[in-house]
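Okay, handing you the structure first.
Going by the order they are written in, the chains are A, B and C; count residues from 1 in each one.
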Amino acid sequence: MPEAATLEFRRATKRYPGQEEPAVNELSLTVPAGEICVLVGPSGCGKTTAMRMVNRMIDISDGDILLDDRSVTDREPAELRREIGYAIQQIGLFPHLTVGDNIATVPRLLGWEKERIAERVDELLKLVSLDPGETRDRYPAQLSGGQRQRIGVARALAVDPPLMLMDEPFGAIDPINRESLQNEFLRLQQALRKTIVFVTHDIDEAIKMGDRIAILKQGGHLAQFATPAELLMYPADKFVEDFVGADRALKRLALQRVRDIDLWTAATVRVGEPVAEARAKLDDADIDYLLVVDEDGRPRGWLSERGLSGERVTEEFRSKAQPVVEMDDVLRDALSDLLESETRYGAVVDDGGRVQGILSLEVISHVLQAPPEDVPHGADAFVPED
Amino acid sequence: MLQVIAQIQTRNRTGGTCEANNGFCPDWIADNYDRYIDPFLQHVFLTVVSVSIGFAIAFGLALLAHRKRWLLPAFSGASEVLYAIPSVALFLLLLPVTGRGTLTGLVALVSYTLIFIFVNVTTGLDGVPEDSVDAARGMGLTERQLLWRVEVPLALPEIFAGLRIATTTTVGLAALAFFAGAGGLGEEITRDKGFQSNIAVAGGLAVLLALVLDLLILFVQRLMTPWRRAAA
Amino acid sequence: MTPVLASFFSDFGNAIEFLFKAQPSNLDPGTKVGGFSEMLSLTLKHIALSASAIGVGTAIAIPLGLYLGHRRKGEFAAINASNVGRAIPTLVLLTVFIAYIGVGFVPIMLSLALLALPPVLTNTWVAVTQVDRDSVDAARGMGMTDTEIITRVELPLSLPTIFAGIRVSAVNVVATATIAPLGSVDSLGTPIISENVYGEDGRLGAAIAVSVLTLLISAGLAAFQRAITPEGLKLEADASRKRFLPKLRRRETATS
C-alpha cells in the first residue's frame, strides 16, 4: 500500500434526521496524492463530520467519496479502515496494551509475521523520535501527553496507509509542545509524502500545515479551497476574510523564510581595505552604506563617513550591525526584529554567521506583492532544524 | 400459641469439663477434625460450581445487553429480584421443583451470583474509555474484535471485582445450603450450634474458604491486568 | 412431568393454605399452628427484629463513616469492612453470637446489627470522600465548623449513596432474620426452623411469606430512594445503572 492515494469528495452530503440543515452540504474537492488538505472552520461547520465520512465512521447520506477513484462504500467498513490511518484528538491509545502492542494492532489484524511487526514497530518509534528500547514495552499511562501523541501518529502510520485522517491531533497538547510536534510532523511528511486530511479549528495551524486549505462554513458549505498563500491574498468572501483574520499580510509572512526571498546585496568591507576600492563597491550595491565584516565575513557594524576619510578603511561605526537576521528565520519574525531596532536595514547571515545579504522593510513589502504560486506551503515550507 | 423453638440442643458430651461447658476445646478439635472434611469439600464444590455456572450465564447475558441496551432493565431487574429472596426461602421454594439435594443447592446459589456478575460486567464494559473504542473502530476492528480485544480486557478489573463479591457471598450462602439437602459446612454448624469448638472450626473453615478464594481471584486478576500495576 | 407439576402445585397450594388457615400441629395434633393471625404476628416480629438491627447498625455506621470520611482517615478499614463482612457467612455470624454470647433477642439483634454495619459504613465513607472538595472549601471559607460542614454539606450530598447502602443492609438483615429462630427469637423463619412443629406445609408457606416480605421491602426502599434523590443525581444514577448495589465497587477496584 505504499503509494499515496488521491481523495475526492464528490458532492458529499450528510443529513441527520430531524435537522433541517445538512451537517455537510454537497462538499466537493479533490486532494492530490501526497498533499495535506486541512479542513478548517468554526465549531459545527461539519469539518469533523466530513472527515469521518471518509472512513465511514459516519455514513454518507448523498454523493460519494472516492479513494483512488474507488468509492469508499465499495467495501466493508472494517476493511476500508485498515487502509486508512486514523488519529484523533484524544488519541485513544489502548490502556491495556503496551506501546508496541498498540502500534502493532492493525498489522496483527492483517496477519503480518512477528518479525516484520517487531521491525516495523521499532522503525515507527524511531520515526517519531522515541527510543524503541525504552518506549516499546511501556504502558500509555506511563507516558507524557506529547509522547502519547507521537505514538498515536505512529500507530496510524503502522501499515503505511495511502491516506491518513487526523482530527485535531495536536489539540490536546500544550502550545509549546504543540509547535514542536507540528514541526516534527512536517518533517515526517517531507520524508513520507502521505495524503492527509487534517481537521483543525485553528487557522494558524491550518496555514502552517496545509498544502491546501478547505474552509467550511456553518452547515457544511465549502467557502474556499485554496493554498495558504492564495487564501491569504485572495479570500473568497467576507466570511473567509473574517475567519482568516485581519492580519493576513503578517500571516503570509509566516509562510516564508528569509532564505526563500531575494535579498539586497550588501557592500561589505574589511578594516584596512583601500578606501578607493570600498567606495567603488558602493556603486554596485543596493544601498548607500557599507557593512564592515571581519575576516570570516561576519558583520561588525555599519561604516561611518569618518572611516573612509583616510587611505584605508578604519574602524569607525555609525551604528552596530543590529539586527542580525538568519537565513532560516521566518519572515514575520525578521520583520519584527527590524521594527524593534532603529535601523532600516538588517544584515542577513547564514548558519556560520557570514553575511549573505541585506533585509529591509522595502524588501519585505516587495515579497508581499509576489503571486501566491511562488509561495511554498506545507512540508515544502518547512526547513529541518539543524 | 406453641412456642416450641427449643432447637437448642445441648448435647450431653462425654469427656472433659471443657466440652461439657460448650467451650473452645483444642483437644476435642484435634480428635474430631475429620468430621469436617467432607462438608468442607462439599462446600468448596458448591461454591466453585455455582460461581462458575453463574459467571457463564451472567457474563453471556451482560454481553448481550451491552449491544442491545433495551435488555438491561429486564436483566438487572430479574437478577435483583432473585437476590432479594432470602436464601433459605429460595432453597425451600425449589424443593418441590428440583427435589432435595445438591442440584437444588446449586440452582439457588447460581441465582444469587447473577446480579453481582451481571452488574459488574455491564459497568466494566460501560467504563471503557470512549476514545479507545472510537480509535479501535476507526482503525478497522470489527465489532467482535473490538469487544474481545479492547472492551473485555479493559473491563477485566470490574469483572474480577464482581467475581470476588459473588464468590465470597456464595461461600456465605452455601452455609445455608443444607436447607436444600445439599450439605456443606452449615450442616455441621447447626448440628451443634451451642458448642464453641464446633462453631469455631466449622465457621472458621467457611470464613477461611471465603478469604482464600477471594485472594486467589485477586491474584489471578493481578496476573491478567499487568497494565494496572504499571500505572501505579 | 405431569406428576411433578401436580405435586408442585399441590405443595404450593397447601403451603398457601397454611398461611391463611390454622392447621393441626405435627408435633401435637391437639394444638393448632399457622393461619393468618399467627403469620401476621410472626411477620411483625420479623420486622421488629430487622428494624431494630438496622437501626442500631445504622446508628453506629453513619456517624462513624461521616467522621472518618470527613477526616479522610480509616480508608483501609472502611473500604474493606464490606469485603470482610461478606466473607463471614450469616449463619456463622449468628451461631458465633449464640455460642459465645447466648440466645435471645439481644444477642441475635446485635449479630444482625453487625451484619448491617459494613455496607452502610463503606458507602457513607466513600460518599463523604467523594463530595466535591470545592464545596467543602467554600463552606470552610464561609466559617462553618467541622460539625456544620458534615451536617450541612457532606451529609446531604452523601444521602443517596448512604441510602443505597442502607438498602443493601436492609435486604441482608431481613433475609437473615429468617434464621433468627436458631437463637430462640421468633420470626417468619420459625416455621422453617421448627419444622417438626409446623410441618412441611408450614415450612414452605413461611418460605413464600418471607420471600414476599423481602421483595416488598426491597421494592419499597427502591421507590423511596428514587423519591428522595434530587433530580440531577437521579440522572447520574440511571447512567451508572448501579442503583441497587453501592458505588463502592469503583473504589474497590481502585485500591485492589
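Keep this in mind: a residue touches a chain if its C-beta (ideal position, glycine included) is under 8 Å from a C-beta of that chain, and two chains touch if they have at least 3 such contacts.
Source: prediction; values computed, not measured.
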| item | value |
| --- | --- |
| Chain whose mean Cα position lies farthest from chain C | A |
| Chain nearest the overall Cα centroid | B |
| Computed distance of Cα centres, chain C from chain B, in Å | 18 |
| Distance from chain C to chain A - Cα centre to Cα centre, in angstrom | 65 |
| Centroid distance [mean C-alpha coordinates] between chain B and chain A, Å | 60 |
| Sites on chain C touched by chain B in the complex | 4, 7-8, 11-12, 25, 27-28, 31, 33, 38, 41, 83, 86-92, 95-96, 98-100, 103, 171, 174-176, 178-179, 181-182, 184, 186, 189-190, 192-194, 196-197, 203-204, 206-208, 210-211, 214-215, 218, 240-242, 244-245, 249, 252-253, 256 |
| Residues of chain A that touch chain B when the two form their complex | 55, 57, 77-84, 86, 88, 90-98, 105-106, 109, 138-139, 141-142, 152, 155, 165 |
| Residues of chain B that touch chain C when the two form their complex | 1-5, 7-8, 22, 72, 76, 80-81, 83-90, 92-93, 95-97, 115-116, 119-120, 122-123, 126, 157-158, 161-162, 164-165, 168-169, 171-176, 179, 186, 189-190, 193-196, 198-199, 202-203, 206-207, 210-211, 214, 218, 221 |
| For the chain B and chain A complex, residues of the former touching the latter | 129, 131-142, 145, 150, 153-154, 156, 225-227, 230-231 |
